[in-house]
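The first chain written gets the first letter, and so on, giving A, B, C and D; residue counts start at 1 in each chain.
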Amino acid sequence: MAGGGGGGGPLLVLDDVSKRFGGLLAVSHLTLTVRRGELRCLIGPNGAGKSTVFKLIMGFERPSGGAITFDGTSIDRWPTWRRARQGLSIKMQIPGIYPELSVAANMRVAAQYHVRGGQMEEAIGRLLARVGLAGLGHVLTKNLSHGEQQWLEIGMALSVNPKLLLLDEPTAGMGPGETGATAQLIESLNADGVTILVIEHDMTFVRQIARTVTVMHLGQVFAEGTIAEIEAHPGVTDIYLGKT
Amino acid sequence: MLDVSHVTAGYGRTMIVRDVSLAIQPGEIVAIIGRNGVGKTTLMKAIIGLLPLVQGTISLAGAAITAAPANDRAQRGIGYVPQGRGIFPGLTVEENLEMGTLINARVGGERRHDVAFQYFPHLAERRRQRAGTLSGGEQAMLAIGRVLIGRPTLMLLDEPSEGLQPNLVQQIGDDIKRINAELGTTVLFVEQNIELVMNLSQRGYVIDKGQVSATLSVAEVTNQDALIRHLTV
Amino acid sequence: MRRGGWLLSAENVAFVVFLSFLLVYPLTTDEFSVLNTAYFMAISLMALSLALIWGKAGILSFGQTAFFGIGGYLYGIYTLNVLGSGATWIGILAGVVAGAIVAATLGYFMFYGGVNDVFVGLTTLALTLVLQTFMAQTAGSEWTVGEARLNGYNGMYVPQISVGDAPLYGKPLYFLYLAFLIGVYLLLRWLSGTRWGYGLLALQENRPRTETFGYNVRLMQVQVFCLAGAVAALSGVLYASWGSYIDPSSMGITAAITPVIYVAIGGRRSLTAAMISSMILLKVSQSLASSAPQYALVIFGLLALLAVLFVPEGFMVAVFNALDRWVFRRPPANHGGETNDATPGTRQVS
Amino acid sequence: MLDGVFNALYQFQVSFSFLLLSAIGLAVIFGMMGVINLAHGEFMMLGAYITTIVATAGVPVPLAMLLGALGVGLFGAIVEILVVRRLYGRLLDSVAATWAVGLILSQGMLILTGPSMQGISSPFGSFSVGATSYSWYRVVLGVIALVLLGSLYLVFMKTRYGLRARATIQNPAIAQALGVDTARMYTITFALGSALAGLAGGLFAPTATIVPFFGTNYIVEAFVTVIVGGANALVGTPIAAMLLGAVNAALGTEFGLYIGRVGLLLTTILIIRVLPDGISGLLDRWRMRPTGTRSGK
């Protein structure tokens, strides 16, 4: 399906989901629907609960209440690996690459459940080219630059042919050039039909890529709409300035 | 007071802060502002010494501390209030305060919990309570009160407003101003909360993508429109 | 990924030289040395087992000696009770399966319980020591299983491996052991290159991340623990039948530490280094044993300490890497069996 | 009947004190640094040797035991500085390295002193309840275990070192940023844990034969107690020692020493299936349970 508007049916549904850590309610009765083909940004001030939402979707944390449905199936009781095989994929905030393995080995580790052995080399080459790392397969991953490591991780997350790709701060620590390239990459992935949910702080980046923006605040959805609507929303400015 | 010169620092091969220079005079209150994820917290960690520098130098009151470990910098007089407060949840309020006694230990002198209670009387009622059970506002007070015990010459505050209700933000700002005025403590703080920046700072630096992108005068740090340009979405 | 010449690495050359030597060796020496070397090969399977569990999967297990003992005892109990042709072969299988079952059970409790890292070491060491103390008190005549008398520290008699009714001796025994050693080695090297083997490398570095790529991490941990237990049990079977004897000291603390020491010195990430260095160190240890066995262990302890502190990849692997770089002109090959390159120091963060 | 009750209590008390004394040094180091000192048994052995040699030379036995603790504590500090410190963040390597240290110690002792040494006799004699004779010294050991636990509690709860140690456990970076020299804290803690191992060795010396493998008699107890107790030495370790002491005493009295040990292991394996972080992990979770007060971030 063509990228853009997000006219497909619901792919991921979080229904009244909460997560409590001790005395802290990190996610509070959150309801959120991601539709097939969407490219959506999740923004909000520090501590709004964005990364916790990703952890709940991926199964690193279990919700204290509420239900998560993915692709029409309730996945609440599934371990992480099963969610992954069902088409959920993540690029984490803290780099989730294997520094002691080569770039190609990293890709292979990621792709093994989704690419047949015979097509592995070809698939790895294609994916590395896609994320701008062509020809670097033999490099030891810890020797990549920071931006390259981020792209590698996007490539790894992509190699599983995800139905939904979760990107947690894909441009963190990148310079302006790298940020722009990353935005283009994400747009082209979405144009190819990958549904993407991305947490990002860099608003230039958000403006460039986002069709829909969800603003989180205090563990809840605070506002939702197009980037223009969000920028015009007086409350959103206020929460960023700490007024509410 | 504090001289940060051409500092580059980061994690592994990732340089989050690049070639940053700051100069803070004794008695000043200076803000570091910028959006999420631009390197403000990394800069604070580099100043207190929790992150080694790749390049650059730091000196405190004329003495080079570039290579000193964090505990040494604290003992030389820096009181660090980290992002998320960094209180010890399993220790009582009183024990948390006691942990501040090593700050400025080079100078020595009497270290009494009264200083903290003087500015945050609310803490006195909770002194035997586990710090982990305090509310967010109380934890913020505890984190500042804890460093006050050692009478730091320089306080580093990393987002003191984080997670606080607006009235508490106002309160904390006033408290910090009183501390600065009455104890003469120099204050360098990282903040995104515009109210607090306007309430507190005498001048400021803007950080963007790991670098100082602008310096702000008194007029600019109290001008809402100027700040909004640097801070908002 | 590079293709051409990937077989030509220091590690592979070392293996070929090692294998050639072992194939030729029996033709050049006396019966005693041949049997003695067969003994080394039996013990070296322990090193392979440890290189698999510790080097490939990042699980430090001190329980391999427990599985070693279980294999040896079970083999003995089976072959003493079931006589007739072919019994010893099924006995070998029985020992190996017993080791695998115990390892799988313990592994289930540990890994599905969420126990990892140091706690696995502690738990497996406790298993080893408890099994030893249990076997130590079986001297009484009530501790018999059918025809097999466990016999505490006096040791249990264990039948030798036989073909028909004739026990294997000399060169046939030697080549049988060689076949076991090389067979297991090749199996493990093959497994390291499969999807499963790559998964192990990945989970060793980052378990939660590896789960997000669809790997059932806990199950894989149980699987590799079970496989390593089976290899250790095979080692125990071959050891027991070689000497017609097993006693609880084979599960003692010294028995538990020596393979760890051998593998730490040689290099835990390389099956080849672990296997070859354990053969060499066993030989050295035996040469010293007649004069002063305790000196050998002190020296090995110091070597292991130096290795951990200063050459964490292991002495033999360090040599392999140096040879790869300077002789074979290729990047070191001990990262997932893939070639890789550590050269691009020129690129900078923008 | 009363005899039986007394016997059961006595056995429980003995099991408890041996478990606690064996484990406490290991637990202190593990709780603070996350490092498992696999030379723990050899440190106990070293304590037993120093105590025995010094006592044989004519020094009063209690003083000899303290000297043993002191000597092993110093040795521990050296090991921390030379070995353990270099392996922070490489947990498995630190385990392997301390094991190598243990091997060097036990084999070195074998070279230096030979396979065994004349021990010191158990002080205080014995007493009888009903037809059974009991050792006073083992009762005293129980008292010492409790006194030691109490002293440790005071050290960790009432001294500056203790406060800084607890803060370092909770958040080493913040503790350091508040002026605590965390590297020195680790050295002191490792030395303290080693001294406790040495003291335990000295205390056990009169009850056992003095051989280079002395420590292996106690490390199973030490390890299972630490596994079950978890990272909190002050709370987890004594509770684990009580629980395992009960199992050990019950099975040991009925079926003998070895079955008692097997029981310890099986109990441990069952407990880790439910409580991977041990008893202190459970207590922490309970302590941090939701209280209903909503704190800010």
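Definition applied: a contact is a pair of C-beta atoms (placed from the backbone, for glycine too) under 8 Å apart; a residue touches a chain by one contact, two chains touch by 3 or more.
On a predicted model such as this, the values are computed, not experimentally measured, just so you know.
Of all chains, the one whose mean C-alpha position sits at the greatest distance from that of subunit B is C. Chain pair with the larger contact count among B-D and C-D is C-D, by C-beta pairs in contact.
If you average the CA atoms of subunit B and of subunit D, the two centres end up 42 Å from each other.
Subunit A and subunit D have CA centres that are 47 Å apart.
Note on chain placement: the centre of subunit C and the centre of subunit D lie 31 Å apart, centres being C-alpha means. Mean C-alpha position of subunit B lies 54 Å from that of subunit C.
Residues of subunit C in contact with at least two other chains: 349. Shown for subunit A are the residues in touch with two or more other chains, namely 22-23, 46-47, 144-146, 175.
Taken residue by residue, subunit D touches two or more other chains at 288, 291, 293-295, 297, whereas all remaining positions touch fewer. Residues 22-23, 43, 45-47, 142, 144-146, 169, 172-173, 175-176, 201-203, 206, 230-231, 236-237, 240-244 of subunit A are the ones that touch subunit B when the two sit in their complex.
Across the complex, subunit B meets subunit D through its residues 48-50, 69-71, 74-75, 80, 82, 84, 86, 88-91, 95, 98-100, 102-103, 105, 132-137, 139, 146-147, 150, 162-165. Of all the residues in subunit C, the ones that touch subunit A in their complex are 1-2, 195, 198-199, 201-202, 205-206, 208-217, 331, 335-336, 338-345, 347-350. Per the touch definition, subunit D reaches subunit B in the complex via residues 160, 163-164, 166-167, 170-171, 173-182, 287-288, 291, 293-297.
Across the complex, subunit B meets subunit A through its residues 10, 12-16, 35-37, 132-133, 159, 161-163, 166, 169, 192-196, 209-210, 228, 231-233.
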